[in-house]
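Below are two complexes that have chain A in common, paired first with chain B and then with chain C.
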Partner chain A sequence: MMPPEAPEHDASAVGSRSARWGVLVPVCVAVTGVVVVLAVLGGWLAPQDPDHQNLLSPAAGPSSEHWLGTDDLGRDIFSRILTGTRSAVVGPIVAAIGVTIIGLLLGLLAGFHGGRLEAVIMRIVDLVYAMPALLVIIVLIGLFSGGYWAAVGVLVLLATPGTTRILRAAVLAQRGLPYVEAARTVGVSNRRLIFVHVAPNVLPTVVTSFLLEFVGALVALSALSFLGLGVPPGSPDWGRMLAENRGLLELNPWAVLAPALMLMVTATAVTVLGDWLYERFEKARTSND
Partner chain B sequence: MPDVDPRQRADRLLDVEGLTVTHVGSGRLLVDGIGFHVERGESVALVGESGSGKSLTARALMALLPRGLAARGRVRFDGNEVSAHGERQMMSLRGQHLGLLMQDPFTMLNPLTTAGTHLAETLRSTTEGASLDRSALDADIARRLEEVGVVDPAVPDKYPFELSGGMRQRIALATALAKDPELLIADEPTAALDTTTQREVLRLLRRVQREREMGLLLITHDLAVAFSLCERIMVMKAGRIVEVADPATLRSSARDPYTTRLLAADLSFSDARREPAARSVDAPPLLEVRNLSKDFPRPRRLRRAAAQGASALADVSITVTEGRSLGLVGESGSGKSTLARCILGLETPTSGSIRLDGLELGRYGSLAKAELRQARGAVQCVFQDPYSTLNPAHSISFILTEAIRHRETDELSREEEEQEVLELLDQVGLPATFAGRRPVALSGGQRQRVAIARSLAMKPRLLICDEALSALDVSVRAQVLDVLEAVQARGVTLLFITHDLAVARKVTDDLVVLYRGKVVEAGTTAEVLDNAQHDHTRSLLAAVPTGEPAWLGGR
Partner chain C sequence: MRLALWLGGRLAGIALTLLIVSILVFGILYVTPGSAEQVLLGTRPSSPETLAAIRERYHLDESVGSQYVHWLSSAVRLDLGESVRSGQDISTMLSERMPVTLFLAAYAALIAGVVGIPAGLVAGIRSGTLTDRAITVATTICVSAPSFVVGFLLLYAFGVALDWFPNYGTGGGLVDRAWHLTLPAVALALAPMAILARQTRASALKVYHQDFTTFARARGLPRRVVLGRYALRNSSLPVVTTAGLVVGYFLTGTVLVEQVFAVPGIGTLMIESVSTKDVLVVQMLALVIALFMLSANLLADLGHLALDPRVRKGVLG
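What follows is the complex of A and B.
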């Protein structure tokens, strides 16, 4: 029998656990920071006009003028990568915010109130969950004649059920605890119970699911661009570049590798940050410093 | 440790010298170089409060320490050095020579395996067991179950969830004994059991130990249990053994101040309430529960079973007079907590009425807002588990201020609120610095005090304590008990729910005994405890550990 103050749970044990993150966290923070800066300033930082065509040097390899070479229309890959950061990142951020807010509200309502309300919410969630995501996206975007923001909207619709389920489970775990009942016997209103008592205790899950939703949306939106849905043809976008330049793999591999690497590095960095933040928040919630 | 003849020393069953357990990360010593021994056929208890290192000692002996902890020292078993053994030798030592019985019989048994399979698995892993055919194995299983008092032939085919706690602990004991160990280490074997079941299991443990002439190392926080079962008691505190003596010596002349404190904190059953209630039984009632019943709806496929089973509460009537604290005792599952939850409005009763302070509380949902506020203010509750009763996300002052704000119809100024938080902390004996802390920084006893302070913030007339002391160490329990007595002195009436009759005698004036959802006995505490009429009350009384070997029968 281990008392709750037992040594395995004490602060020093957590300290050794933090050590395993090593330099990973600073690196991931740096990568995420760079991506955010590029999303804001990318267009201005680009050394050349990303849409300027130079048909005299198509599909050229890296040079002092074009650091990552050019594509088949002679456009500068480096400038297109920088400029494309915004469309790669902003949509997923908006999608993740939408999914998290809606998912949290539904999860709190369903998990806390239970009964009929929960049944209705969760059956709708199951219904959406059961739809084949890619088919729905292709059909809906085709129906509404495309557009980047339409794609973001459809992503929110399709990703919300997963988050709702996760957050409902987190709320359910809190709902039965004596601190909730104690607050109830004091006369705390349901709304306050939900938002002041239960919500802070599911915050670590909320933050992590937000970051993971972002990664999911980043990859999904790029996949849509790759398929030609979402951003219009010709615009600088990582997914689009992957699709348009895959024929240049032998002439200028950077035209394909650069956008692919950007996607991978961004997704990995944010996923690691999500895990790390979860641990941090969980520790902060249950320790005094 | 006095000098002993080396030959005698070599003959000891278990001989431990300089055993230390360290936390590898911080280098903190959790068990600080202890030495002790167990003779063949001897029963020894290792007694201490949570965090004293008693469980870690047992785990170190079995080489089953949690990750991040390292053990060092000399352990001789049957004259052979075992501390140098690797995992492989340790595995042969475990089971063959050392049996382990743990606290929670449910997590100890694999939920997907029947009781018989559990035993068969262990029996088969011995050399003799491997050669047994099916029928011989079944016969051996039956014989071993009989030894632990299980004669029902259906039991070997049952899964752990189909068995009661006491039955599970018997199966676990049979499994621990399957390889006929010479030493059984029992780590809080009865802490998760009801008091009546506790006595049966302890009796069984002693009988088996004597019949097999097996060594027993009992690890417990309960002095009375240790006294009645063991020949030698080792008291452990902060990783050290502070005193070793036989029960009689320890009781009459404990040398170490810590032991004396433990003994003093362990309530004697004869301690009655210090200040008996002034009011007589005829005073107007504060709480009147009449013919209260509560059934829990079951899933459809279980309905038929439910129709035969008892409901949680059946036709319960109790009366609490203002100023006279009422105790509610009974085994787990007797409906004590359900009754409390109905009074608090956390459950809606199926039928019957609850009148508190002139309000009908049978249907909380239909109360008007002002009435609801009045009801919330009149009755408050302290729950059992100190570790989940406070919201970990908020500070102590936030928790207390919230209660104060819900009591007052008019808004108080910030200074007034802060002042009251400090007063509340003072009332439960906590310093003002606690206001800014979060629950995680508090020990179990401190959290329970904050929970009491939160209840007091509502200025209740009735305070329900639902097993509020049972998760606490004995010395902490005594302190919290003092706080509750001070609360009583301030005019708050207690409805005290407990399975511990010694505590009930100490804080209550009247007593109600519940058994399977029905009131089987009621009266003043002294009447009920000194002149029990109902069989169930008698068996509850018999289950209170006396600290005498006679309590477990025999010598």
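What follows is the complex of A and C.
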């Protein structure tokens, strides 16, 4: 995320916001859309059975029959890429939703109630936040042979503190604003104040952190699959394909390049959208002041 | 004197954190599926005698607390025991694997610093220009691109298609090793480089438009002095903090990048040990990694102290 900059020096950036982002945003929206569609329909769109082995044409380069060639068992890379979109994307979406909901609840509680509850939540958050998440996941999932969904669960536990911190800060910023005072004066209940008045105002931060959590989870889960700790061996999955096709770099580089590019493009597109939204919200907020 | 006091406090804090970490790490043995004897037996043939020997060796008949004390005291004495899987001495394994990883991390840190900080400084000072935009787009891509994925792309482009760099191995001698580890180091360096560049850009942008820099320029001081002595030094504080945090990233990143390039370092050892459930090795690696992260943070704080007289005054009075 871009660190906030001093507004008065940003005049150039404000004036040329559309120029600054240019065609980047539409492209990233399109990429994200395609990936989501593939995640839903990928298996049906695949021209061939992703698990069909053809030992007569192993590790073949691209052809009219196999657009991206085949892997060492003669399976069609293009079909495996399309089918693999689901396992690449679904886990991260579930993780990001989980992290966002828990983070928002904890952030609202800590930011709004203050006092001992806040102290307890923030201590735990700081403790978990200091751990190198991916290493902890590798050790836990590796030793337990936990697999994909266990990894999603651990990921939620380890990623929630970061989101909680960000959302708590956003809630704290709202708490001092006049509308909160006004609502209190007219006797709005605490619960209503939190969920009806404050929650919508931190929504921009929530959306941005959701997108960035998604990217983090996408990278973490595909890394686990790459290390052989995520999806079962042989599944069509981008991270798994990287590991299994490493030896084919000379024979059919697309077996490795295709999943690598899909991961990179997806991660970059969603990050850019997150950055762009953050900057828009930030601009809208500072120009309202 | 005050410095010694401050340092003592920080070291005590680190020792305390390590103690907490060590309890968690010791717990790995007990959360691993299977009984402690079985885990420590590994794939060796099981017989009543060997099981009894393991119980004796690791004090499994005593309480968990005293097992922990035995374990910790032998770790502190650097008597780390043997790998459950290979029977190799763990200290030997660590000392064989460590230099490669340290070399890789130092190389990556060098690349990240030498490229990232000047890029951020230029982007911050020329904010809004085409240069700034190009650097910002580049950092966005580098931040979000996963290191192991970039590793594969680099491996194909420079290792296979152009054939400039070797595909695997670590080479002997300094130059050869640097040549072998260039691609992994670049893959590892990209994200920290981008983070450093963004941090430097933001902080240079702030500093460069403050009165003292404008005044320095107005006095006609050479650009080199304004940038080097005024802008760079004053914008370096957040950058140093970030650099400390980046070490944590290196430790995670190296696990993946070493795997991509088949570099026999700490990272590949971690993956091998985790997937063969070689718990003793995993425990020691976890402790070593924690020690590294804590020392990096301490170094970042010392860096603050050296760079900023205000911080020095606050700490040392």
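Worth pointing out:
Here is the rule we use: the second predicted complex is superposed on the first by the 255 of 289 C-alpha atoms of A that agree within 3 Å, B and C clash if a C-alpha of one lies under 4 Å from a C-alpha of the other, contacts with A are read in each partner's own complex, and residues count from 1 in each chain.
As a convention for this text, a contact is a pair of C-beta atoms (placed from the backbone, for glycine too) under 8 Å apart; a residue touches a chain by one contact, two chains touch by 3 or more.
Computed from a prediction, not measured in an experiment: that's the story for all the values here.
Which of chain B and chain C touches more residues of chain A is settled by the count: it is C. Of the two partner chains placed around the shared chain by superposition, chain B is the only one that A:A182 touches, whereas chain C remains out of contact. Of the two partner chains placed around the shared chain by superposition, chain B is the only one that A:H197 touches, whereas chain C remains out of contact. In the superposed model, A:T271 lies in contact with chain C only, and not with chain B.
Once chain A of one complex is fitted onto chain A of the other, the partner contacts of A:L257 are limited to chain C, with no touch recorded for chain B.
Contacts of A:G115 after superposition: neither chain B nor chain C is touched. On chain A, the patch touched by chain B and the patch touched by chain C overlap at residues 2-6, 8, 12-13, 16. Across the complex, chain C is touched by residues 2-6, 8-9, 12-13, 16, 20, 24, 132-135, 138-140, 142-145, 215, 219, 222-223, 226-229, 242, 246, 249-250, 253, 256-257, 260-261, 263-264, 267-268, 270-272, 275 of chain A. On the chain C side of its complex with chain A, the touching residues are 28, 31-33, 127-128, 133, 137, 140-141, 143-146, 148-150, 152-153, 155-156, 159-161, 167, 198-199, 202, 205-206, 209, 248, 251-252, 255-256, 259-260, 270-271, 274-275, 277, 279, 282, 286, 289, 293. Considering their complex, residues 23, 25-26, 28, 30, 50-51, 55, 66-69, 102-104, 187-188, 191, 344-346, 372-373, 376-377, 379-381, 383-385, 387-394, 402-403, 406, 437-438, 440-441, 443-444, 451, 454, 457-458 of chain B touch chain A. Residues 1-8, 10, 12-13, 15-16, 177-179, 181-188, 197, 200-201, 203, 285-288 of chain A are the ones touching chain B in the complex.
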